Amino acid sequence: MKVLLTGFEPFGGERVNPSYEAIKNMPDIIENIQIVKAEIPTVFKKSIQVLEEKIIEHNPDIVICVGQAGGRFEISIERIAINADDARIPDNEGNQPIDEKIFSDGDAAYFSKLPIKAIAEEIKKFGIPAAVSNTAGTFVCNHVMYGLLYLIDKKYANIKGGFIHVPFIPQQVINKFNTPYMSLEQITQALIIAVKASVNYEEDIKITQGKIC
Amino acid sequence: MKVLLTGFEPFGGERVNPSYEAIKNMPDIIENIQIVKAEIPTVFKKSIQVLEEKIIEHNPDIVICVGQAGGRFEISIERIAINADDARIPDNEGNQPIDEKIFSDGDAAYFSKLPIKAIAEEIKKFGIPAAVSNTAGTFVCNHVMYGLLYLIDKKYANIKGGFIHVPFIPQQVINKFNTPYMSLEQITQALIIAVKASVNYEEDIKITQGKIC
Amino acid sequence: MKVLLTGFEPFGGERVNPSYEAIKNMPDIIENIQIVKAEIPTVFKKSIQVLEEKIIEHNPDIVICVGQAGGRFEISIERIAINADDARIPDNEGNQPIDEKIFSDGDAAYFSKLPIKAIAEEIKKFGIPAAVSNTAGTFVCNHVMYGLLYLIDKKYANIKGGFIHVPFIPQQVINKFNTPYMSLEQITQALIIAVKASVNYEEDIKITQGKIC
Amino acid sequence: MKVLLTGFEPFGGERVNPSYEAIKNMPDIIENIQIVKAEIPTVFKKSIQVLEEKIIEHNPDIVICVGQAGGRFEISIERIAINADDARIPDNEGNQPIDEKIFSDGDAAYFSKLPIKAIAEEIKKFGIPAAVSNTAGTFVCNHVMYGLLYLIDKKYANIKGGFIHVPFIPQQVINKFNTPYMSLEQITQALIIAVKASVNYEEDIKITQGKIC
C-alpha cells in the first residue's frame, strides 16, 4: 500500500506552509504503508501538472493533498471540490483567475473519495480538533483538490483521493489578532492518523457531521 | 417580470426566521417587477415540493430562495449547491438524513444562475455587509437551493434562480454569546437590492470575491 | 434632570464615529429629561479638558460618555476605568502614551456610578444586544471614562457618571472581514434607554452579568 | 531565588485545568530559580486562604498565579485585578457572589507587579502567541489575582506577584465549536519563559501593547 501526500509552498506572504512542514516530519513507513511526500507549487495549473507527474512517478493507491487554511480552528477534511477558480490574491507566479472553470469538461464538483467522517473521528479520538468541511475555497487548494478528483475520474479510477486543510501553526499568528492555530506536532499526528484511516476504512462511517450553513 | 421570493419557517429552536420576516416586509412591486412571496417548510423533500408548486402556480422569471445563516456576519450570496443532505439537527418534521443524495440523477453540484457578485456589490454600495459564499451548508437551505437548480436544469430552463443567506436579527442573539446579526430593515433592503440586480444584470460582473479557503 | 452625553470624533482611519452619530440623532428631551450633547476630541488630556468644560457649562446631573468599540458585538456598559494610558495607535493629535498614569493622584481604578446591569437589562428587553464589560481598553475611551470618574471623585460628587461602548455601524465594516456591527438606529435607541435607566434606577440591580475571564 | 507558581482545580464542567497541568510539567529548578508548585481550589475566599498559606510556607520572592481563560487565543499576561466578585457560574463549592467587594479595605484595583510586557515579548520570541490583557474577568481568577496583590500591598511588600491566563488545551475543545486552544507543551514552555523574565527584568519594558477597547 502506497500513499502520496502533497503539501504546498508558502504563499500569501507567509514564510512557511504548515501543510508541507507537517508532511516533511512524517515517517516514511506507517504500519506497512509506504509514504511518498511531495511539495507542490502554489500556482494554478502547474500545481495539477506536478501532482499528475508525482502520480505517474509513484503510482500510489491513495493520494491525500494537504493545504493551509488560515483562520480555521481545526483539521478540516474536505467533502467536495468545485469547478471554479476565483483568486482573492495572486498565486506564487502572479496568476489571478476570476470565475474560470478548472477543466471545461469536468463536472460542476467532485466529492472526496476518502472516508472523510472516519478520518475526522479518528483524529478527534486523539484529542485533536477535526471536522468535515464543505468548502475548500476557490484558490489553489480547491484547484488541486478538483484537479486530483478530475484526474481520478478521467484516468486513475483505482486511486482514492481527497484533501485535508490544516490551521496555521503558532509562529504564523504571533502578529495576527485573534487567529487560531495548531501545533505542528498535532498537525503531523493528525495526518498520520488520516493516512491510517484512509487505508483502514473501506467505506465511510455514517455519523452526523453536517453543517447548517 | 415576476420574481418569486421564498423564506423558511423558523427552525432549530428559534421563534422567527429572518428570511421570511424580511420577505414579508418587502413591497409587492419593485420598479415594475412583480414580487411573489412564499414561506417554505424547513423540511427535507417537502420544501422542494412546495417550491415547485409555487413555481408552477406563479410561473416566475426569477426565483430567489432565502434562508437563515446563524453565525454569519453578512448577506451571503451563495455560489453553489451540492448534492448532499447531511443534517446536524433534525428538520421541522424530525427527518435527519446523513450523507444522502438529494436527487440520484442530479449533478454533484449546481452553480447559481444569479449574478452573485453583482448582487453582493450592489448591496455593499448601500452600506450593507455582503459577500459571495461557497457553501450553503448541508441542511435544508442547501437542499432547497440544490432542488431549485435541479428543477431549473431538468424542467424550467428559462428561470434564473439562486439562494441568499441572511444573518440572525438582533432579537435572536440576545442570549447568544458573540454572535453576529443584522437589522431586519437592512436584510429587507438587501433583498430588494438583490431583486433589482438579478433583473438588471444579464451577466455577472468579473471582480475578485473568491476565498482562499 | 439634565443628562450630558458625549461622543468622540472619528479616529483610527474611520470616517465616522458611531458614538457621536448616535448622540446627534437623539431627541433633546426624553421624558422630562434634558439632553445635552457634546463631541469630544479623540485626544489624550484634551478630551478630559473639553469634558470638564462641558460639565462646568451645563452642570448636568448625569454624564454618560460614549465611545466606539470596534470588534465588539453588543452595547457594552463599562464597569471600571483604570489609571493607565497605553496607546496602540496615535490619537488624533499624534500622542501615543505608553504605560503612563492618567492622574498621578488618582486611584488605580474607578467604578462606574451608573446602574450598569439595569442599563444592560433594559436595553436587552428591547431586543438589542447588550452586556456589562470589565475593560474599556487603554486608549482615549478608558482615558475619558477615568477622567470623568476622577473628576466626580475629586470635585463633582453629586454627578452620576459612566461610560458606554458601542459597536461599529454597518457602513464601517463593508471592507472588514467578519467584523460585528449594529445599526445606527439600534445604537441610538439603546442610548435613549440607557438615559432613562440611569435616571430611573437609584441603585443597580443584582443579577449575574460577570465574566469568567 | 524562589518562585511560587499556582494553578487551579478544573471548574465549569471541565475535566482538566490547563493551568495546573502545565505547572505540573515544569521543572523544579530553572536556571538556579527554585520552582514551588501549588494547586488552588476554584473557590472564592478559600483560594486566597490557600494562596496565603503557600506564601507563608515557602516565602517566595515571586508569585505567579495561573488560570484557564477559555475562549482566549493566546497566553494573557494580566495587567490589573479589580475589587469585584461577579460570578457568572457557581464556583466549585457552589458560591456565586454578585457584585461583592473582595476586600472591603482594598483599593478599587491593583496593578500586576510583574514585567508584563517583557513577559509577553519573551514568550512571542519563542513563536508562542502572547499578549497583555486588561481584564482577568470577575470570577475566581480575578479574585485570586486581586487577593495576591492585596496581600502584597498589605503584608508582603517584598514579593513580586501577578497573574497569567492560559487558553484551553486541544482535548478540551473537541466538542466546542470554533474555540481556540494551545498545546500543553507550549503553555508549559510559556510559563518557563515567564518565570525567567519575571526574574530577569527588574523593570518592565516600554513598548506598545495597549488595546483600543
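Side notes on the structure shown:
Every chain is named by a letter (A, B, C and D) in the order it is written, and numbering of its residues begins at 1.
Criterion: a residue touches a chain if its C-beta (ideal position, glycine included) is under 8 Å from a C-beta of that chain, and two chains touch if they have at least 3 such contacts.
All values reported here derive from a predicted model rather than from experimental measurement.
Within the contact network of the assembly, the step distance from subunit A to subunit C comes to 2. Most remote from subunit C, judged by the distance between CA-atom centroids, is A.
At the interface between subunit C and subunit D, two copies of one sequence, more than half of the residue numbers in use appear on both sides, so the contact is built from largely the same positions. Remark: subunit C and subunit D have CA centroids separated by 29 Å (rounded to whole angstrom). Between the CA-based centres of subunit B and subunit D the separation comes to 47 Å, rounded to the whole angstrom. We define each chain's centre as the mean of its Cα atoms; on that basis subunit B and subunit C are separated by 38 Å.
The residues of subunit C never reach two or more other chains; the list is empty.
This structure has the following touching chain pairs: A-B, A-D, B-C, C-D.
Those residues of subunit A that touch subunit B in the shared complex are 12, 67-72, 76, 79-80, 82, 84-89, 96, 98-99, 107-111, 117, 134-139, 141-142, 165, 204, 206-213. Residues of subunit B touching subunit C in their complex: 73, 124, 127-129, 170-171, 173-174, 178-183, 185-186.
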